[in-house]
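Common to both upcoming complexes is chain A, partnered first by chain B, then by chain C.
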Partner chain A sequence: MTDAGNRDIGKVLINAFALLLVLSYALPYVYLLMTSLKPAADVQQIPPSFFPDRISLENFGEVLGSATLPSAFANSLITAVLTTLLSLVLAVPAAYVAAQYRRRITVLFLLFALVTRMVPAVSLGVPLFQLLKTLGLLDTTTGLVLAHTSTAVPLALLLMAAFFEGVPRELEEAARMDGCTRFQAFVKVVLPVMKSGIAITALFSFIASWNEFLYALLLTSENSKTAPIVIAEYNSVYGLAWGPMTAAAVLYSLPVIIVTLALQKQIIGGLTFGAVKG
Partner chain B sequence: MKKLMSTSLVALVSTGFTAQAESINILVEGGGKMLQEAVAEKFTEETGIEVVFTEVPYQGVFDKLSAEIASGSSNFDIATIDVVWNANFAPHVDDLSGLFTDEVRADLPSALVEDAKVDGKMIGMPAWANAEIVFYRKDLWEDPDNQAAFKAEYGYDLAPPATWEQWRDMARFFTKDDMHGTATVGLFSEEWMAHVLQAGSPGVILDDAGNVILDNDAHVEALEFYRAPLCEDNSSPENALEIGWGEAQNLFYQGQTAMMKFWAHAYRLTPEDSKVAGRVGVAPMLAGSAGIAGIPGPWYNVIPSSAENKDAAKQFIAYAVEHNAMGIEAPLGLAATNSAYESYMGKDGYEHFGPLLETLGADATQGRPIHPDYQELVDEAVMPAFQAALECEDNVEELLADAAEIARDILD
Partner chain C sequence: MTERRFVYLMLAPAALFLGLLVAYPVGLLVFNSFFTVETITPDVREWVGFENYIDALTSSRIADSAWRTVKYSVFALGFELIFGFCAALLFSAIAEKSRWHRTIFALPLMVPPIVAGLLWRFLLVGQIGILNYGLAAIGLIDDPGDIRWLSDADIVIYSVAFADIWLTTSFVALVAYAGLTNIPRDLIEAARVDGANALKRFWHVTLPLLRPVIAVIIIVRGVDAAKTFDLIWIQTQGGPRNQSEVFSMNIYQRMVRFGDLGEASASATLFLIVMLVLAGIAYWKIWRPSHD
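== the complex of A and B ==
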């Protein structure tokens, strides 16, 4: 066997292993999708079947006809988009300063952001509840966006700081020599270089808000209730409506899948950003 | 009924409702909204007070109400809570003794009134209640061949099972042709608890004085009976530890079991495309040496101490119990008062109300312990022993003795 032949076999094995890994990750989601396509009587069939005996869209019909789910989807979307924007607006400049102008205080600042990620969300639920109640922001999208932003900003800060580490300081200095102010250099020169990093940070912030359950449960009621809460309501004390619940979950996962696919190039760029090139 | 209404109105006046709120907020689980929507609409029509429901998932009721209480003020004027949380919320809700008039008490199964009482305070008003009853396949029971064969084998007529012995006999008899007689639920212990009461225990897990009685004779006897179809008779699927309410219900709907003990509301929810649609019969829960007994599953309307519109909230609760039958038209079709259930007795599609009422009103029926550590007792002491017993190897008496020790440690 030649070296090239060995390399080909190695590639095939690695690809097969990667495919297996991807399938194992995808399996729960595929099962969710298959369940959502089963008619009501087959959903909890015993023993369970992986594939539907016949395809039915009745679960999707029920979900789309629901009085609460469409508005909950809209609330989730608005909340997640606003949380993402606000997190980026706050975290990107802060991360740039923390990464590029390293002082003891900026290190402490990043450390503090890390510490906030270690505090269990449940312990912040009641203080946040009291705070928003005092501000008159309970059961409002604004209140929920602020709550989600409080957890998304540290994440965005840490991610962006790591990405900014890979940007040479000379880039800003060159822009300033060409007549840019510090802000102009940041906006016109540094940020365009960071597109991939920003994309991946935006995606993580979006997903964090999109899937968040606890704060949405505690801080919203009817007006700004998000979809994760409504989906969980299919699990009632009088039974679990698997069919509609899986259909709602499939629909709810679509925007994230679409956004991920749309930003695929930037995400891959972001994941490899700063990697040493050979 | 007129007497009940007039007395309730007097009660309303005597409780001194003053300022009228424009609206009240009610925290409910999904089923709770469904069961109270009709009465809320009628209430709004008559009083002008709007009723706003905030619907959350089951566990969300506990979490959200806990957060409200911890914050010192409540956005909710009423919360509809599961009986298992009564002890946890008792210190934080108003005493509703004034709403428990003699007429209201007389119209409620006594077990529901008892469960409302925590440290002498009536912490909530039952909104609806459920209990397990017996579901069986009418077509199988009414089949002349089955009737003759059963009588020949067991020496008595094939009729809906009423006793422990009949349950086991019939489960064995119908275990044939790819069908099991019944299914043993291994993920929840409430069904076994009902058998504990049927066996004459003064309570489940704890007695009235709060002493652990998890290892008394009735608990042991009931667990031996509960696991018999699985461990001795082979009349139940082997995977009991994977069977919860949903699975047991589906096995029955798919024609894989001939009978089940299940929560009464399911009678009206039999799917039209199920193999047993139109063939389901119902009977009261089984009787042991102490007679029929069930574990009630009631939900209570409570008023958080920090609620803003307490007068309107009390007015709604009084109105809801007086017009309790209005919830029956909802898909879950449940109520709390005897008169509500009786008003539907004899109507097509409500055949389960007789068995349900008989079970709820049985002398031996009583609720689970109203204790703040109840869930911990179940999770840490009861379930490990209960599930180990369903593995059919260990001695039940020893398992429950160990469980009782753990329970005592939890309570110390």
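== the complex of A and C ==
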């Protein structure tokens, strides 16, 4: 056997092994999908089976027909959309000057955003509870949006600052030569070229809010409860209703996964570039 | 408009917001920590100085939850680093063909933590957990009932970390992969020419060059693991007998179940300080030397 032949076999083996590894990594989530498609009675059978014997939408019917989950999904969606919009409005202009005008104050500002990312949510949650209570915003969507935005803004700031660093300074200067003010140059010339960066930052802010659990648990009780809280409550209210719980978990997580798959290249870039550039 | 005014105006909204919703609450947190004050009546308060801190530092339940947080974080981070780096090396070995592998591998990144927690609870739980049936089928254990992952007080803190490891190994792998692709090929070639074997090349060339990347992973993931709340909460709510109660959960319980805002604030302040100090140390020790 030649050396090259050996290497080819080695390559095929490595490829096959890598594929096997990666597929087994996805297995737990596939099991969640399979379980949600079983009839409710089969979900807790002993011993468990990986694939459903019969496919049934019973679990999905139950959670979608329930009184709580559809409105919780609506709350989650509204909260996440408002959080995204608010964090973009706040973070994008700040990130622009932080990246393009290096001054002591902008450097300090980015450092502050970085430090904020280290703050444990529970440390902020405790006083936020008190603050929102004083403002009469406990258990309101507005209150939860404010809380979520406080974690989304630092994230959006750091992401956008990295994106803006790729914009040449001349862009703003050229626009100002043509008679724009600094602000007009920012809005009319710089922002349009940043569309994809803004879209990714928006998506990250959205997901941060959509996935958030602790603030929602602390700061909402009846009216503004989000989906993760209601899903978690399947524990106590229904005993261990695994069937509906898996269906709710699928409804809650699948949209995000599909969007991620569609935009995977940009998202993986966004997730990792900050780390690697550091 | 002068440049200076423009900078200030653009920064102002975000600065005001973060001031009101991050800096002010942190101030409030530290302030509350010096009082005896109840969660439901924050207006009624009594100054007690450092008493809450002394209580926190001498409470065995808090000390236990802190120690558990360390065990959980080290266990989770350790396996994430090992698995993540193995996956990254594998991906870089098959280079351009690894696109689909990486896509599938990235999926858990977008799974909400509470879904990951639920899922793993379902895989591990009592009679219906399929993992034990799998282990029994391949002969690693005799009976599916042999390991009680989530109800055995001795191992529960490690069992609840499985979900974390599954969820974030992909982050480590993708960051490490990006780091690996940034290493100049000729450096590794040069080492090969000098007669270094694969292991030596990895140890003496690849690993030192990845130092900043590893630092970032350890800081970001370490801080996240130490902050974990939802993932464990959804699996065990801290049980059995508080044996999976980590520090953030202890603070939550103190504030919500026991209604003790003062003590919860003291613990939360200590938590905040420790996290900032740890992140600072990690930054100075691991990251900076590579810039010299």
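Throughout what follows, the second predicted complex is superposed on the first by the 225 of 278 C-alpha atoms of A that agree within 3 Å, B and C clash if a C-alpha of one lies under 4 Å from a C-alpha of the other, contacts with A are read in each partner's own complex, and residues count from 1 in each chain.
Throughout what follows, a contact is a pair of C-beta atoms (placed from the backbone, for glycine too) under 8 Å apart; a residue touches a chain by one contact, two chains touch by 3 or more.
If you're wondering where the values come from, they're calculated on a predicted model, not measured in any experiment.
Visitor: Touch test for A:A232: chain B only (first), chain C only (second), both, or neither?
Guide: So A:A232 meets both chain B and chain C here.
Visitor: Touching A:I46 in the superposition: chain B (first), chain C (second), both, neither?
Guide: It touches chain B and chain C both.
Visitor: Examine A:K11 and indicate which partner it touches, taking first as chain B and second as chain C; both and neither are also allowed.
Guide: A:K11 contacts chain C only, not chain B.
Visitor: After superposition on the shared chain, which partner residues are touched by A:L32: those of chain B (first), chain C (second), both, or neither?
Guide: After superposition on chain A, A:L32 lies in contact with chain C alone.
Visitor: Once the shared chain is lined up, is A:F129 touching chain B (first), chain C (second), both, or neither of them?
Guide: both
Visitor: Touching A:Y101, do we find chain B (first), chain C (second), both, or neither?
Guide: After superposition on chain A, A:Y101 lies in contact with chain C alone.
Visitor: In the superposed model, does chain B or chain C contact more residues of chain A?
Guide: Touching more residues of chain A than the other partner does is C.
Visitor: In the overlay, answer first, second, both or neither for which of chain B and chain C A:S221 touches.
Guide: First partner only, chain B.
Visitor: Where on chain A do the contacts from chain B and from chain C line up?
Guide: Looking at chain A, the two contact sets intersect at 44-46, 125-126, 129-130, 133, 214, 218, 232, 235.
Visitor: Of all residues in chain A, which touch chain C in the complex?
Guide: Touching chain C from chain A are residues 11, 14-15, 17-19, 21-23, 25-26, 28-29, 31-32, 35, 44-48, 50, 89-91, 93-94, 96-98, 101, 103, 105-106, 109, 112-113, 115-131, 133-134, 146-147, 149-150, 153-154, 157, 181-183, 186, 207, 210-211, 213-214, 218, 228, 231-232, 235, 242, 245-246, 249, 252-253, 256-257, 260-261, 264, 267-268, 271-273, 275-276, 278.
Visitor: Give the list of chain C residues in touch with chain A in this complex.
Guide: 1, 3, 6-11, 13-15, 17-18, 21-22, 24-26, 28-29, 32, 39, 42, 87, 90-91, 93-94, 97-98, 101-115, 118-120, 122-123, 127-130, 133, 144, 166, 169-171, 174-175, 177-179, 182, 212-213, 215-217, 220, 223, 226-227, 229-230, 233-234, 248, 251-252, 255-256, 261, 264-265, 268-269, 271-272, 275-276, 279, 287
Visitor: Can you check the complex and tell me which residues of chain B touch chain A?
Guide: 25, 29-31, 52-58, 60, 63-64, 67-68, 70-73, 75, 82, 245-247, 249-251, 253-254, 256, 263, 265, 269, 271, 273-274, 332
Visitor: In the complex formed with chain B, which residues of chain A make contact?
Guide: Residues 39-41, 44-46, 68, 125-126, 129-130, 133, 138-139, 214, 217-218, 221-222, 229, 232-233, 235-240 of chain A touch chain B in their complex.
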